[in-house]
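Heads up, the next two complexes both have chain A, just with different partners, chain B and then chain C.
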Partner chain A sequence: MHRYPFTMPDQRTLVANLVLLVLAGAAVMTSLSMGTVQIAPAEVIRALTGTTDDPMAAFVINELRLGRVMAGLLSGAALALAGCLMQTLARNRLATPGIIGIDNAATAFAVASVVGTGIALAPSAMALAGAATATVLAFGLAGANGTRGYRFIVAGLGIGAIAGAVTQVMLSQVAIDDANAAYPWTVGSLNARTPESVQLLALGLAVGCLALMCLSRAVNSLQFSDPVAITLGIKLKRTRLLGLGLSVLMTGLAVSVCGPVGLVALLAPELARSLCRPGKVPLTASALAGAGFMVVADLLGRTLFSPLEIPVGIITAIVGSPYLLWILLRPSTRSLT
Partner chain B sequence: MIVASLVYGAGPVTPLEVLATLVGQGSSEAWFVVTELRLPRTLIGLTTGLALGIAGALLQAMTRNPLAEPGLLGVSAGAGFAVAVAILVGASTATLTTLIAQAGALAGCSLVIAATRVQGLGNDPVRLVLAGATLSGLLLALTSMLMLMDQRAADEIRFWITGSIAGKSLATFQATLPSLVIALALVVVVARPLAAMALGERAAVGLGHHPGRIRFLITITVALLVGAATALAGPLIFVGLVVPFIARAFAGPDIRNTLWLCLPIGPAVVLAADVVSRLIAAPAEMPLGVVTALIGAPVLLAIVRAGRMPSL
Partner chain C sequence: MIPTDTLAAERITLAHRHLTVAKDLSVQLPPAKVTAIVGPNGCGKSTLLNGLARIHAPSSGTVLLNGKDIHRLPTKEVARKLALLPQENTAPEGLTVGDLVRFGRQPHQGWMTPWSEGDQRAFDHAVTAADVGYLINRPLDTLSGGQRQRAWIAMAVAQETPLLLLDEPTSALDLGHQIEVFELIRHLSGQGKTVAMVVHDLASACRYADHMVAMKQGVIIEEGAPAQIVSPALVQELYGVSCDLIHDPATGSPLLINVRRHIQKR
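Entry: the complex of A and B
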């Protein structure tokens, strides 16, 4: 059968990935050219390649917008990848980091480091610790009941509620300036990012993608029942642990950049799954879709009510919630989980 | 708990002074603290707990779902969103706020009832909660968006949305009183048919009740109660879960006993949470909604974790 741990994508998946890549690229170009100052796409390209004569355009593109768009691109990809991975591991379509409370916990830990409760670790490290804690809690609490079905999800909902309340407690304890500084964290926004956290995210995403390329065959086999996966020669425990670790890594780093932006991790894999060939876990397509989705949502938030800026987390919630409701409420013809 | 709520808090008033004030003697400072600040707060906490506890018990009995809770299912969020819209367009009188909150709660409650009629959803307690949580999230996002639109309204909404019973005047309390009386009268009317419906809808019909009419009455009652509570204290989550949970543990399966027990337990839970929120970070305060979430979420985990979902 397969001599190599990774598999070549089939034609349909390849086409889907290309389409999503083009869409994400278009989103990036639009996002770079639109804003308070409109800059023509041709000018954007000249500014990016450093051949423009217009110093203003060069400044706006390279100094102001590029960093933000890159942050959106990376965090969207990381969130979507983490979501897709966790859905596969838990064998539950609703088990995305946002829904089972991992985002909220990462935020709570990161806010703790921002408002300075005596913990001097950087937000990225704290967000990672928070994501890890919540993941252990969610899967630990699932215990013998397993991770399928809705109970697992509602247990995660409880974890998320506790973490959200803890965030509120910390915000209500500190001076108003500190609280305002930490506010974007609570809704999910690309405003609060620091360059270091974006660099860390890029690094983490690169590591994650490499690891997932090596793991892709094992991850694909996780869709089958345990005995089948074992028969296929997959080391289940190791794959699960690695997958969860990667998922935690990417969620934590993404949250340290953009806060708890909900539902990207649910919507992007859904879209990817409907485009790609069924039977495979569409990791690449999820990442591309998530990146594009995040950039578009941020673009909408920036331009819709300009000069007012709507945090990206609110946009994704308004777009994503009706879809999630539809999944939950439609008379089900097949099992969701 | 009423005593504790009157006695504890920021400000140097000793328990003895509180007693002295209540019987008509005491310093003017203590008199101000007790009657102007703490007494309204205690009264509001009392009503909020009562309303949310009973609304939770009713909703749980009707949907046969131990997790059906106004806060989790989006009823409170509906009321909250309606009030946010009202504040934004400039309405701020107490009576109007209450009515609007109740209209919002009615919309939210009707949605929940409609959702339980969807094929398969009524039998799956946890899935309903997830749908409600999603609806709450959506409404919360819309409320946040409204807050961004208007800075003045935002301050007013933010003060109210985290759930707090501090600094609320007695005017709001008086505005909610009539609807509370109506709601409690309705509870008395529906309690007996509701107990019959616990036997199954057919049995209830056989006993001469009309399930459709009862469902309609309960929807109205829950909307009145939750709307009033939300107008008073903001969207408080988990109170409607914890109170009936405790009450059921004592009362057993009969919904009428549970409802009776909710009368003392609801206020006790809210007032206890309020006292904690005052003391835990004195002299500052923590929003009440945060404390109820910290108390309620573990209860939610416990119910979900229980090997067998307690069926209603």
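Entry: the complex of A and C
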């Protein structure tokens, strides 16, 4: 008899998640303690728990840095989760919201509200509307095949390019002050966030995580072909629609906080996949990796050339682009299709 | 297992976009028997199987599972009654044989329900039946075609459904493994499972099926026990080849000999 040692939950994935959690925690602590004023980790903890005697430290940690680190944590997790989900739905590792133009469209819509085109909606709502528009368009252009195959990606690339161009046109047409205000949106930065958009993101992420817990089995089955998924009793259309909706929601809300830091959605799931047990969609690990990655990237951007600040989107692009090239150029391309 | 579950198609028409592939088909799978669907390439065999498995919704007519429209039943309930092994399969990179077979238990598991004793029993049985025990920790992408096919069969068997549909289950296998898979199918039907399979090799269909459905250009042209319906005339009509027919001295099943195709001068 061949007994198969099943461990629930799987050990390798559990260890990977724990390691990523610890790393994200370390990134948060480092990020809170480093900056123009260095604060010892012990003092950071005292400031966070409200037991410090140093009002300066309390102010720097709780008022200046905590909000930013939380924004990075949440937006990184949301982008990575959205990326991992969309890769699975499209059965293609390139199909992340950043690549298929959702980030760019969300940005274009958000910029439209910031530069005063007369559209007075909040950037969060605009970014969400942009993300949804891009997804619907990509779907429409890809035709009946839906998320299947490269058509979705090619359509998304085109939409992303158009959205990027629209953003540039808007920026070139408005007053320089407005253009400056919108600048962080175009590169991806944690500087331009509003407290409301972060709260909305936290809410959206919580809803997304809950929904994904219910969907996880169905999402795992989507790794197979449609006939197999149907045979296993998965409601294909409902799962796709819900998954895509969640992906759009999380991307839109994240972009309204940090702008188009797209490569997180590509890199984090990839890292998670290499750490976790193969054959399962690593949703939790992706979220943790994305959160940690975003905080680290922002920390590097703040401290590398301090007092000059490099937007987090530029850091992730510098780290992420070579990686993207590597997946495109490596000899085995079977993972891409 | 007492065969109580029935699967039938009632005047179904199946189309890919606007191209009708199969028209007005009615079939009933005999319970606890093996049905072979045969016919030339492109005759609609796989489409019919996919129609029966609710993968392909008919543009008219109904597929009935236990007398009820299969598309109106909850899909998870159907998944506990009917398993399909499609012709081409892709698996996530790095997935092991054990994990693949484990997916077969999914229709029996509820939300957050852990792996039960029953799941383990079904798993062990499927793994033993398909002889993939020694491969259990191997990733699928490191296996030979035959080993991979047996792993997929194990997954379908682990689903423990009274109805099993297989699309060319032996196409990638060598002779030894072909026989092994066909014997497994016989064994499963002996336990009360109703099996339908698309088969290319007419001899294997004759040898291992109780019931045969012969299709040409989207229409069923003949149906019945292989020994009764297979004739040189049927072979001529299906494949455009001439042959003589003898009976296997050992098993009595029809055998085609002296098969030849007359090349028509245009």
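Criterion: the second predicted complex is superposed on the first by the 316 of 337 C-alpha atoms of A that agree within 3 Å, B and C clash if a C-alpha of one lies under 4 Å from a C-alpha of the other, contacts with A are read in each partner's own complex, and residues count from 1 in each chain.
Convention: contacts are C-beta pairs under 8 Å (C-beta built on N, C-alpha and C of every residue); 3 or more make two chains touch, one makes a residue touch a chain.
Note that the coordinates shown come from a computational prediction; the quantities given were computed from them, not determined experimentally.
Asks: Residues of chain A touched: more by chain B or chain C?
Replies: Comparing touch counts on chain A for chain B and chain C gives B.
Asks: Just chain B (first), just chain C (second), both, or neither: which does A:Ala161 touch?
Replies: First partner only.
Asks: So, A:Pro55: does it touch chain B (first), chain C (second), both, or neither?
Replies: Neither: A:Pro55 stays clear of chain B and chain C.
Asks: Between chain B and chain C, whom does A:Gly233 touch in the aligned arrangement: first, second, both, or neither?
Replies: In the superposition, A:Gly233 touches chain C alone.
Asks: Per the contact definition in the header, classify A:Arg217: touching chain B only (first), chain C only (second), both, or neither.
Replies: Only chain C is touched by A:Arg217; chain B is not.
Asks: Which partner chains sit in contact with A:Ser225 here, chain B, chain C, both or neither? Use first/second/both/neither.
Replies: second
Asks: If you stack the two complexes on chain A, which partner ends up touching A:Gly279: first (chain B), second (chain C), both, or neither?
Replies: second
Asks: Looking at A:Ala317, would you say it contacts chain B, chain C, both, or neither? Reply first, second, both or neither.
Replies: first
Asks: Could you tell me if A:Pro307 is touching chain B, chain C, both of them or neither one (first, second, both, neither)?
Replies: In the superposed model, A:Pro307 contacts neither chain B nor chain C.
Asks: Could you list, by residue number, the parts of chain A that touch chain B in their complex?
Replies: 94, 99, 141, 145, 149-151, 153-155, 157-159, 161-162, 164-166, 168-169, 172-173, 187, 262, 305, 308-311, 313-314, 317-318, 321-322, 324-325, 328-332
Asks: Mind listing the chain C positions that touch chain A in their complex?
Replies: Interface residues on the chain C side: 50, 53-55, 75-80, 82-84, 86, 88-96, 98-100, 102-104, 106-107, 109, 111, 114-115, 120, 123-124, 127-128, 133-134, 136, 139, 156, 159.
Asks: Please output the residues of chain B touching chain A within their complex, sorted ascending.
Replies: So the residues of chain B in touch with chain A come to 67, 115, 118-121, 124, 126-127, 129-131, 133-135, 137-138, 140-142, 144-145, 148-149, 162, 237-238, 281, 284-287, 289-291, 293-294, 296-298, 300-301, 304-305, 307.
Asks: Given the complex with chain C, which residues does chain A contribute to the contact?
Replies: Residues in contact with chain C: 1-4, 6, 8, 214, 217, 220-221, 223-228, 230-235, 278-280, 334-335.
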